[in-house]
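Dropping the structures in below, format is structure tokens.
Below are two complexes that have subunit A in common, paired first with subunit B and then with subunit C.
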Partner chain A sequence: MKAIISIELYKIFRRPRTYIAFGAIAALIMVIQLGLKMDGHSYASFLMKDINDTLTVDGKVLNGYLICYILLQLLLVHVPLLVALIAADMISGEANLGTLRLLFTTPYSRTQLVMGKFIAASIYTIVLLIWLAFLALFVSMWIFGTDDLFLLKSNYVVLIQEKDVLWRYVGAFVFASFALLTVTSLGFLMSSIANNSIGPIVGTMSAIVFFTILSTLNIPLFAAIKPYLFTTHMNNWKEFFDIKVNENNEAIYGTILNVAKIKTSIIVLTLHIILFVTASVIITKRKDILS
Partner chain B sequence: MKKIIKYSIAFLLVIICNTVHAQVDPLIEKVSQKLALVNDYVAEGIMKTDVSFIKASLGKVKVYFKKPNLLKVKKEGGISLLPKGGVSVTINSLLNTKQYIALPAGTQEYKGKTLRVIKLVPTDEKLDWVISTLWIDPSDALVYKTFTTTKENGSYEITMEYGEFANLGLPSKIIFAFNTKDYKLPNGITLEFGDEDAAAKQKALKNKKGTIEITYRNYVINKGVPNNMF
Partner chain C sequence: MSVIQVNGLSKHFGALKAVDQLDFSVTEGEVFGFLGQNGSGKSTTIRMLLSLIHPTSGSIELFGKPLNKYRDEILEEVGAIIERPDLYPYLTAKEHLQLFAKLRNKHVGENSIQDTLVKVGLADRSKDKVQTFSLGMKQRLGIAIALLHNPSLIILDEPTNGLDPQGISDIRNLIKQLAQQEGKTVLVSSHLLSEIEQMATQIMIIHKGKKVADGPIQKLLDPNKMIVHIKTTNDAQTLQIILSGSFSNYLLQRTDGIYLRLPDYEIPLLNASLVNAGVGLIGVETRNSLEDYFLQVTSNTIA
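For the complex of A and B:
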């Protein structure tokens, strides 16, 4: 299995397409960081218009932790599309090139080959997420410094102490890995069905866009199916940044408001991963190689 | 005609005498004398922010004061939230300026004490506050409550509790209560699309009053505070 994973990783990281995602993430993050560094105070003033009517906020609001949160809000919706570029090409790409037939003649079983490819695609996804975390969190901390995290939500404000923030980001990135691995497994499933690269990539992207729209629309008709859509749960990394309050309305250090929601989301995402990968293995095992 | 002029002058003198009498209310003077013992202080404290739309934990603060009315609350690291303009409207800033007219407004029961109510009206138009009501215990010349209306930042109610430093008129606990405006950011800005729990979470916040509470733990009095602290 190690050999299959090594070979698949070699194939992934040898392709120039792989680095599009790394380059796109770096470019997007740097542009946003530059914009906020140059004119972040105008942005912060705009966000805090309602707060400033009542209160004086003293401290470094626009710090690395807040910048990272803003970046994750913007990017974690789009990174799945970049993941699809690689994951949806893992099997169909081989079929398209005609190398799948050759691959399946090796002593390894189809299940081993499929699992090897999935693990390699998952490693790529995790590396991409680490790259995102490095740029969004650590580079932002370096550029903007650190302070308490002052989060402006739609209906309320959460002020999290500086020393209570970092573990939440660790949790959020671990959660995001489940979300992105779900996309990887979906792309992988699409890839096992098709015999060309474009179809599964576009198909995976379309599915993500379609389900994301369903998840975000507050229409009662879709309310029943929303809890079962993986896109509904992908955004729940934000729950790590909501804090419990006691009867005196004091935020309780080190708490998460809705732990059950995070657990449920991880379970739903994991079930999706298992379902998609199992389906990929079954489809590939039964696949008639015609290319 | 001369009689009318004489009576008018006499009437004006009576009004002026009454006004002067109101300005030098002995209880206010007593409070001022007590506060005058403190030229400056640095106090450590614990600050609690209780605003319905804010979830914040307790924070350590340092409060710097210097005569006549310089006051600064600084959180030890981190972001602090203070009522806009409200913290600076303290008893010291009200009384140390000496630019007010004091008008007695009877007595009121407050936490088992019979307090004298005195209204202050500023004589200097440049001052930020419009009117202030003080609830003072005549037995110890301590102000237990103030209600101040400012020109630009609304009204503030400040209640005080006293402990070790009551002889200097310095409170052990101070609570600023203020009016809060509605807070709402569009989902398009916060990117919280499809978050149906937001309203429920808002309701889950316990207390709807806007208060900032500072419990003082330690005062360092008359040891000097540099001007750059303010």
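For the complex of A and C:
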């Protein structure tokens, strides 16, 4: 298994396509960081305009922590599309290239080969997420400095002390890894069905868009299925930034408002990963390699 | 010892019987020529031997073990190329061999990789990416991957595709050497029947998924059953002579000339009969190639 994983990683990181995602994330983050560095105060004033009459905020609102939060809100929706570029190509890409038959005549079972490929694709996803975390969090902290994190929610504001923020980002990125691994496993499932590269990539992206729409639509018909859709849970990394308050409405240091919601989301996402990967293994094992 | 033993092997794709009740065996150290027209079921059979396609029915044993139970153990001793030499365009020839060496439980060192590259004539292009290779060079690299781990059984599906005459000759000699000097068993399919004729010891021909002929090549190409094409000054009279005498049993039903399948000792007798009847013999063309035999058993042109 170790040999398969190392070979699959070798193949992933030798392909030019792999670096599109790293380049795209770097370019997007740098553009946003540059924009906020040049004209961040106008942006902050715009955000604060509705509460300036009732609240006075001291300190550096536009700090590295807030920039990271803004970046994650913008990017975590799009990163799944970049993940799909690789994950949805893992099996079908080889079928399309014709190398799948070379691989499947080696003395490893199809289950081992599929699992090796999935683990390699998952490592790629995690590396991509670490790259995102490095640029969005650490580079932003370096450029903009740090202070308390001030977040404007739909009908309330959250103020988290500076020393209470970093672990929440660690938690958010760990949670995001579950969300992105769900996308990886979905792409992988699509990849095991098709014999060409484009179909599974488009299929994965379409499935994400389709289920995201279902998750966000407030139509009673879909209310029953929404809790079971992975897209409903993918954005719950934000729960790490909702904090409990005491009777004086003061934030309680080191707390999370809704831990149960995070746990439920992780369970739902994990079940989706298991389901998609198991289906991929079964489909690939039964498949006749005709390419 | 039978290295390959196939019994009642069938593969159906819906209503299509791609392979239908195939039985054959390949003995150790043999070069087994596997022939058939396009779409006859050769590649499907080869893919079933390599566990790429699941048979509808029948059994496959390699090295005396059932393939469905001992797949991983069996494939450790098998090297194969299947149809086209499809490879990773962004990797070099050497990287391909290093990659596939890792996927073998046997230790394959750098020396073996270098030796294999020399064996297939790619040593000087080992550091070039495959995307710069010609079809023939890719085919050589495909063969190198098949030979890399020193397998006991080598399955080559159209190994001379895309090769120039020198390349074809090199591969033919390599296959002969593998069988004769290294005792490997080689199953090779090719459209180049003359190549199979030069290297195979046994052949099997399949047509529409069914076996139509098999056996030692010398036995199948019996010199006593040559195809004779005769050209005379009077074809109508010649036909009358043939049909009225003992030669009628040898006549083949063809419209493009007079063809007979007859033992070589009968040719002078036929010649004498024609001369005695005053028919001038312009020429006698005798054919006994694998191609003729192949066409005879796979088409209705020669009955």
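Everything that follows uses one rule, which is that the second predicted complex is superposed on the first by the 291 of 291 C-alpha atoms of A that agree within 3 Å, B and C clash if a C-alpha of one lies under 4 Å from a C-alpha of the other, contacts with A are read in each partner's own complex, and residues count from 1 in each chain.
Throughout what follows, contacts are C-beta pairs under 8 Å (C-beta built on N, C-alpha and C of every residue); 3 or more make two chains touch, one makes a residue touch a chain.
Just so you know, these numbers come straight off a predicted model, no measurement behind them.
Visitor: Since both structures carry subunit A, what do subunit B and subunit C do when superposed there: clash or fit?
Guide: Taken together on subunit A, subunit C would fit alongside subunit B, as the superposition shows.
Visitor: Regarding the shared-chain residue A:R286, is it in contact with subunit B (first), subunit C (second), both, or neither?
Guide: second
Visitor: With the two complexes superposed on chain A, say which partner A:N249 touches: subunit B (first), subunit C (second), both, or neither.
Guide: After superposing on A, A:N249 lies in contact with subunit B but is clear of subunit C.
Visitor: Is A:G98 in contact with subunit B, with subunit C, with both, or with neither (first, second, both, neither)?
Guide: Only subunit C; A:G98 stays clear of subunit B.
Visitor: Check the contacts made with subunit A and report whether subunit B or subunit C touches more of its residues.
Guide: Touching more of subunit A: B.
Visitor: Under the stated touch criterion, which partner chain does A:T106 make contact with: subunit B (first), subunit C (second), both, or neither?
Guide: A:T106 sits against subunit C, while subunit B stays out of touch.
Visitor: A:I4 in the overlay: touching subunit B, subunit C, both, or neither? Say first, second, both or neither.
Guide: Touch partner of A:I4: subunit C, not subunit B.
Visitor: Considering only touches as defined above, state whether A:L55 meets subunit B (first), subunit C (second), both or neither.
Guide: first
Visitor: Tell me which partner A:A44 touches in the superposition: subunit B (first), subunit C (second), both or neither.
Guide: So A:A44 meets neither subunit B nor subunit C here.
Visitor: Report, in whole Å, the shortest distance between any C-alpha atom of subunit B and any C-alpha atom of subunit C after the two complexes are superposed.
Guide: 41
Visitor: Note which residues of subunit A are touching subunit C in the complex, please.
Guide: 3-4, 6-7, 10-11, 14-16, 97-99, 101-109, 286, 288-290
Visitor: For the complex, which residues does subunit B have touching subunit A?
Guide: 48-59, 74-75, 77-85, 178-187, 189-199, 201-202, 204-207, 210
Visitor: Given the complex with subunit B, which residues does subunit A contribute to the contact?
Guide: Listed in rising order, the residues of subunit A that touch subunit B are 47, 50-61, 73-74, 147-148, 150, 152-159, 161-162, 215-218, 226, 232, 235, 238, 242-243, 245-253, 257-258.
Visitor: Show me the residue ranges of subunit C that touch subunit A in the complex, using the header's touch definition.
Guide: Touch list, subunit C to subunit A: 47, 50-54, 71-76, 78, 80, 82, 84, 86-91, 99-100, 102-105, 145.
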